[in-house]
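One structure is given here, and the rest of the page talks about it.
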Amino acid sequence: MNLRYHTPLSPDEQRAFGLAAPQPLALADRVRFAELDVLRHVNNKAYMTWFETLRVVYGDLFTLPLYPSDSPPPRVVIRSGHVHYVEEMRMGEDYVTTAGVTAFRNTSYTMHQELWAAGRLRASFDCVIVTLLPDGSGRYPLPEAVRAHFARVDGAVAEG
Amino acid sequence: MNLRYHTPLSPDEQRAFGLAAPQPLALADRVRFAELDVLRHVNNKAYMTWFETLRVVYGDLFTLPLYPSDSPPPRVVIRSGHVHYVEEMRMGEDYVTTAGVTAFRNTSYTMHQELWAAGRLRASFDCVIVTLLPDGSGRYPLPEAVRAHFARVDGAVAEG
Amino acid sequence: MNLRYHTPLSPDEQRAFGLAAPQPLALADRVRFAELDVLRHVNNKAYMTWFETLRVVYGDLFTLPLYPSDSPPPRVVIRSGHVHYVEEMRMGEDYVTTAGVTAFRNTSYTMHQELWAAGRLRASFDCVIVTLLPDGSGRYPLPEAVRAHFARVDGAVAEG
Amino acid sequence: MNLRYHTPLSPDEQRAFGLAAPQPLALADRVRFAELDVLRHVNNKAYMTWFETLRVVYGDLFTLPLYPSDSPPPRVVIRSGHVHYVEEMRMGEDYVTTAGVTAFRNTSYTMHQELWAAGRLRASFDCVIVTLLPDGSGRYPLPEAVRAHFARVDGAVAEG
């Protein structure tokens, strides 16, 4: 299989890599030596970097372009998250991380992320993300266009 | 206040630093430049490193000495975790991370961790940790001495 | 241009990406959010990770297969290095890192590494690497096959 | 010995920790689990973080207060550096990093850094640092007060 890295994978490419169900965004990358720890497997903090990398790509591709271009974008921070480690990752493995919004409220949304390699789910991360004013002084409401994207493309549920 | 870094803090020292309730293990450290991100606050992955650092200290101090010294210790891995971010951390702040076991079963236990700075809770992390055989081929049961330590010192609940 | 990531680039591909001269090994990757610091450019430590990643790939591809398979490989460590930063890297940029051996002695060799992006040299790293016995108790001489590879493929100079 | 962490060490404290000669700035810290790699020693990139941490402390303590407070400070970047690894570092070791300026020119200076542990030099780093205008568009000349500090306190040589 000729895996394309750093490029959004189509639903067919995601299925070919073994994902149980195509996700709104999926990108491929490869384990680096620096991500291993003394147990010679990928340290669990590396997964957090991979998921973060994809959340930033998700924002750059899908949500930030929907904010007014004449004012600073929101400050996007994680409020809470739940990580589940299913199977360890090893040196040099190719992997795919995914991201999709499952629910949203006035100033926050819930994102579901998965990590796949060799046809098996290795980890998942579900987090609640809040959007703050650029100076952090309060909440920045989700624009209608962002809410519509979450609902229409990701199939997210409006909860508020 | 003369904060002692990298040294287990007494209950009185923990209260003096502002912790709501003393924890079984608490260590102080300071934010580094490398832990900041483009938002000029501590990136949320750094918290994971701080909590990891303390989990390793906890193991070195309290549990590993209770395993047989004539055979390799278990492989200790996180199965799942829930992180809650309460307030951001900033450059140069002194902080205290804590660790304590709240529940245990035959081959796993639940650890509660807190992050405090300037008298305020900044984040918490609750995770389920499993102990595997050194080669990862199966579970490594918690020795009775480890279970007793969890119950007696940390006040953990036996669930299995 | 359709850049192939994580795959050794041919001399033509290297020239197409703008490298001044093709190098023995060149791989492409992309800047991650986690690699930025408060100045909103890539922190200089990230370059060290990229160069390390490629040194490990170099070893896996070219030198480790030339060591006896029935005994542990050497412990490969950097003795010294000189880094030169030419131009900063920014969020999301594609880059290519390179590696090639320029000189070798009985138990050490000199590696030259470059970082390119958008047709411009961004940084270089020259380091002296020593090969130690697996337990670190002494030096592990370079096998003749490794020396021959350095000389024949990379054009390295034998200095000892 | 009662080592004080994260606090500038006096010349006597530096000598007590084993440094060959007291340096202008020296701070103590301790190895973290996250800094180890698969070889079970501290990865060489961690040294770069430790040296960076101290350079930032040096700037906060000694040079930034000497810049005009009514305009943004310079953008401080490394132009080149030479690292020398003398002896590996291991889990849990206490260490001291140092920093001092050895030479300066109109818009750059040379810093010498050392890493000590258990009475032995473990690594050194010498780098050339340039000061840029806040927007990076050109060089920011060293104020006379900064040059005077380098010469008087660190014993640095004026080269331009």
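In order of appearance the chains are A, B, C and D, and numbering begins at 1 in each one.
Keep in mind that, in the parts below, a residue touches a chain if its C-beta (ideal position, glycine included) is under 8 Å from a C-beta of that chain, and two chains touch if they have at least 3 such contacts.
Bear in mind that the values here come from a model prediction, so they are computed numbers and not experimental data.
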| item | value |
| --- | --- |
| Longest centre-to-centre distance from subunit B, chain (CA-based) | C |
| Higher-contact pair (C-beta pairs counted), B-D versus A-B | A-B |
| Inter-chain centre distance, subunit A versus subunit D - centres from mean C-alpha coordinates, in Å | 37 |
| Geometric centre distance via CA averages, subunit B-subunit A, whole Å | 27 |
| Between subunit D and subunit B, distance of the C-alpha-averaged centres to the nearest whole Å | 30 |
| Contacts with 2+ other chains: residues of subunit B | 33-34, 45, 49, 52 |
| Subunit D residues within the subunit B interface of the complex | 5-6, 29-30, 32-34, 49, 52-53, 56, 60, 92, 94 |
| Contacting residues of subunit C [partner subunit D, same complex] | 39, 44-45, 48-49, 52, 75, 77-85, 88, 136 |
| Residues on subunit C engaged by subunit B in the complex (per definition of touch) | 33-34, 36-38, 40, 43, 45 |
